[in-house]
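Several structures are given next for inspection.
Two complexes, one shared chain (subunit A), two partners (subunit B, subunit C).
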Partner chain A sequence: MKGGGFRIYAICYLIFLYAPIIILPLFAFNDATVIAFPLSGFTTKWFAEMTTQPALGQAVKNSLIIAVSASVLATTLGVFAARASTRYDFPFKGGIMGLIMLPLVLPEIIVAVSLLVVLLGLGVNLSILTVILGHVLICTPFTIAILSSAFQSLDRSLEEAAYDLGETAVSTFRLIILPLVMPGIISSLLISFTISLDEFIIAFFLAGTEVTLPVYIFSQFRFPQAVPVIMALGTILVGMSILLLTIAEYFRRRGLARSGAKDTGGFL
Partner chain B sequence: MELGSRWDRFRRSEAASGYMLVSPTALYAILLLAAPLGTIILYSFLTDGYLEIVRTFTLANYHEAWTNELYRTVMLRSLGVSMAVTLVTVVLAFPVAYFVSFHVDPSRKSLWLFLITIPFWTSYLIRVFLWKVILGFNGVVNSGLMGLGIIDEPLTFILYNVNAVVITLAHAYAPFAILPIFVALEKIDRSLLEAGQDLGESRFMTFLRVTLPLAMPGVIASVLIVFIPTIGDYVTPQLVGGPEGRMVANLIQLQYLKLDNYPLGSAIAVSAMGIVTVVSLLFLFLNRRYLKGPKS
Partner chain C sequence: MTVEKPTMIEFRDVHKYYGDYHALRGITAKIRAGEFFSLLGPSGCGKTTLLRTIAGFEGISSGAVMIDGKHMEGVPANKRPTNMVFQSYAIFPHLTVAQNVGFGLRRANLAKDELARRVGEALEMVGLKGYGARAAHALSGGQRQRVALARALILKPKVLLLDEPLSALDKKMREQMQVELIKLQRQVGITFILVTHDQEEALVMSDRIAVMFEGEIAQLADPETLYRRPNSKKVADFIGTMNFLPAEILSEGPGGIEIEAQGLGRVTLAPDQAPGAASGQGATVGFRPETLTILFEGQPTAERESMGTIEEVVYYGDMTYYDVRLDGTASPTRISMRNVFGRPVLDIGARARIAWSAGALVLFR
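Let's look at the complex of A and B:
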């Protein structure tokens, strides 16, 4: 076995990383209102109880609308910026791309309060729409990171061949480039969807009276008797995001294989 | 005539195509990121009046943010927590990145990276809440240790204080720290390591004198990518920090949503960002020799 000591350490580290996710389903199926050990018995009633809460249904609906819109918009903006930065050189490219990528490191609370101040100053009513605006801002850098590697691995000569055969810039993009980067686009849609669905702070500040799923979950933490239902909900959410990420990873790798690039791993 | 042809040439140039393509995204970032950031900087110099913002220039908000005992304590604590989280995260992450880069079969590297990133993408709120369960009075750690007979009474210093905030944030930002270090390690030419050992260095000395300096750009990137966002984290201090673990984001939220004092809230936010920027630049300056790239 290669790297004995390191391997044991890395496995312990993975256990540390997965500890909360492993514990989550234990409490989702535990027949007790108190979230503590020892466990008392098996039940599925918390899952059944989820369906009796209309506020939860509304939150899920809001979150889905926000996540779908934000991921489509962010990926569209990401395609433009990733294509521009990988294909062309222009003055102030570093500064412009730096500004676009800034939300990657900027604390989300800063994004949230600055948008809040401006939107209220302009007299815009807080709603689902304002949350979408904020989420597009934080998802775009991730889409650019994914899409840049997809565009980077494109062979320039394919594009030149299309021009030589009489295609215009637009038809070349549609017929040659788009199909080649499609796996990257799907992967970027899925990642943005996951980020938006999970985002709390911006939704907390910008949603007004509308409630998104994380805002709903956060409000329920105040009521101890509501927590087992949240554990059941969390189990479903974690299962779903693992599924989405696995699909995203599959497309990302297929995209790399299609353009013949070396896999450097990871989304980030 | 001259001007017209120059414009024509620009329009067909590479720069123009680049600007055309980047403009939708750039405009979005300017309107919804740069302009709002500018606005809170502006607000931080205004006065909070009853029901409206008074448009007179003042430094009073900064004076309040920097001299008020409460705000100063929270600001210093946030800085301390961020630094501790960064140190713990990067030190714990380095061996994992090293293992994946140097000891994992190339065909399985992306599987390992995928396994490392999955927890990062799963519901942040619920993960933080579960740390409360793990560290709590009847939690996993306490019942485990009591079951093994190591302790007689539940440990209380691990929840609702700064320790809990550091543990939870270190968990949340782990993948952020591993990936940049991994990328830097992957770039290292393996023949340099062989050369080091051929020249009679021990494996450990080769690591210290060849691998580590070459991995430093990755380490520096992880430090910044963990340090900058953690200082503004709201959820973790709110859920597991208790009254002694409040951080600057909780203060900003209080000023904006509860006390409705936008100018003071903005001054605190701008101060926090200023401190983060200064510390980051200082850190980059101290490590500048690793960032110059290969010597020619």
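Let's look at the complex of A and C:
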């Protein structure tokens, strides 16, 4: 009974989590405009129809620009912060790191509203740039969390050994530190890319007229005939997200294996 | 003793502070070229800090560190003629064995086959011939140790620094590496400086040893002098086992020091049997467990003899340790006896005749 009860609970839990996602591909390939059972037949026309909508193409383009820029910027900032916090001691370190990590637990709507107020107050026009700014803010804590563990597992004497063997601080970073934390950097890039691509609230508040993919999808739900196309789009997005997170986890584990450290968890 | 070798490393009144903590308290010492030198002491005595001031990983607060006659102030670690074997070995896990060993030669811009030849030589020297293509993270502890040695020695440094290099190995491997390190040092002729907390390791491997306590060198001597003539009770206690008995100095002259020691009686000691400076804590004589002998029935009377009662017997196979209360003493004295075939192991409570010799005593005052 003990094990059985938990097993039933776990199964219900997983159904609750994943059933709606399974609906996506189901109706993406269903030959009907109405989202309802029974299914009426197999089709790929909804995928084909996606290519005929220029607004969708623009939204995808915007989203990709934002996601790439935000993940590169957030990861760069994360490298600096993670290196500094694991290697050096400076005044108010705990407080500073706490403030940087805060957006992780702050409601996103608060971040979005306050950013909007500040940006409008400063007279900044809403554009892709402002969305990138917002996404860097929410992605950076994630990158620091990932990269800190990468820098932490780095044995300090590796740096000293390279230095001892005649390398400078810069070449030591390039030859030893960077290759060893590279898996962490890649996994940080992939995770912040995924976060940025999926993000809705900040993008909705700060995008102005240049909508991102999630915002576009939300706006399309007003038109019933557009729903199957959204299902097709959602299917592609889910597939991509799973792929990216898998790659990210692969690199994180490979990094741990290479530096010989113990696996202490991580995101997946 | 041969001709005095030139000095390779010199510490001149070196002090090091970490904030308020005084880690090195006026180290002055010379390390000779080509010698196997050990820094020995308990953890936290400053031995690793001192080693790292030679490598250039730690700055010093005052004083001077000289390597081969040159001031090292302001010379960074990557410009010093020293290389280090780290306690964790610090093998670069993303490189192969050959890439690790050849790492220091990167800046020399050698031709490919010249680089391969020198890496091959270095690997052969440490007994890892043919391991070049292996991934470094797949090596065993002993192999990592050898790669670290080859990597440090390939640059032909003037000084090789070893930071507790054997502490991570198991006992058998450690003993094997001790012998190999001694052989290697003789072969390359480079000055080796070893940091260790293991007194036996220091005695086995070193030409000379500096015993450190609390940021100071307590005694700097060759292993035999350190063992036979420690200059303080603290050094005597740290290295091997030493018995102590209270004593009283009766007279002191150019001919020697006459003392009255508890349980031993009146003894005249040569001046070199009191190597330490006066501490003002009263006189004590010390002697090693193996310098006393229990006389069995039928053995002739020795020159100096005391009587005692056996209080404890510890049998080790090849040796037996006896704790014997010499008549007139307050604490037991440890005596180690080799178990010669046919000789009985004595029982607790037995009375025994103990032979000793005045020359084995050391006076602390």
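Throughout what follows, the second predicted complex is superposed on the first by the 254 of 268 C-alpha atoms of A that agree within 3 Å, B and C clash if a C-alpha of one lies under 4 Å from a C-alpha of the other, contacts with A are read in each partner's own complex, and residues count from 1 in each chain.
One rule holds in what follows: contacts are C-beta pairs under 8 Å (C-beta built on N, C-alpha and C of every residue); 3 or more make two chains touch, one makes a residue touch a chain.
Everything numeric here is computed off the predicted structure, so don't read it as measured data.
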* Of subunit B and subunit C, which one contacts the greater number of residues in subunit A? -> B
* Give one of first, second, both or neither to describe whether A:Lys93 is in contact with subunit B, with subunit C, with both, or with none. => first
* Which of the two partners, first being subunit B and second being subunit C, lies in contact with A:Asp198: first, second, both, or neither? -> first
* Can you list the residues on subunit C that touch subunit A in the complex? -> 55, 57, 76-78, 82-84, 86-88, 90, 92-94, 103-104, 106-107, 137, 151-152, 155
* What residues of subunit A sit close enough to touch subunit B in their complex? -> 2-3, 6-7, 9-10, 13-14, 16-21, 23-24, 27, 34-38, 76-78, 80-81, 83-85, 87-91, 93, 96-97, 99-100, 102-111, 113-118, 121, 133-134, 136-137, 140, 144, 191, 194-195, 198, 200-201, 205, 214, 217-218, 221, 227, 230-231, 234, 237-238, 241-242, 245, 249, 253, 263-268
* Asked: Which residues of subunit A touch subunit C in the complex?
  -> 155, 157-158, 160-168, 176, 179-180, 257-260
* **subunit B to subunit A touching residues, read off their complex** => 14-19, 21-26, 28-30, 32-37, 39-40, 43, 92, 95-96, 98-100, 102-105, 109-110, 112-119, 121-127, 129-131, 133-134, 136-140, 143, 171, 174-176, 179, 182-183, 186, 224-225, 228-229, 231-235, 239, 249, 252-253, 256-257, 262, 265-266, 269, 273
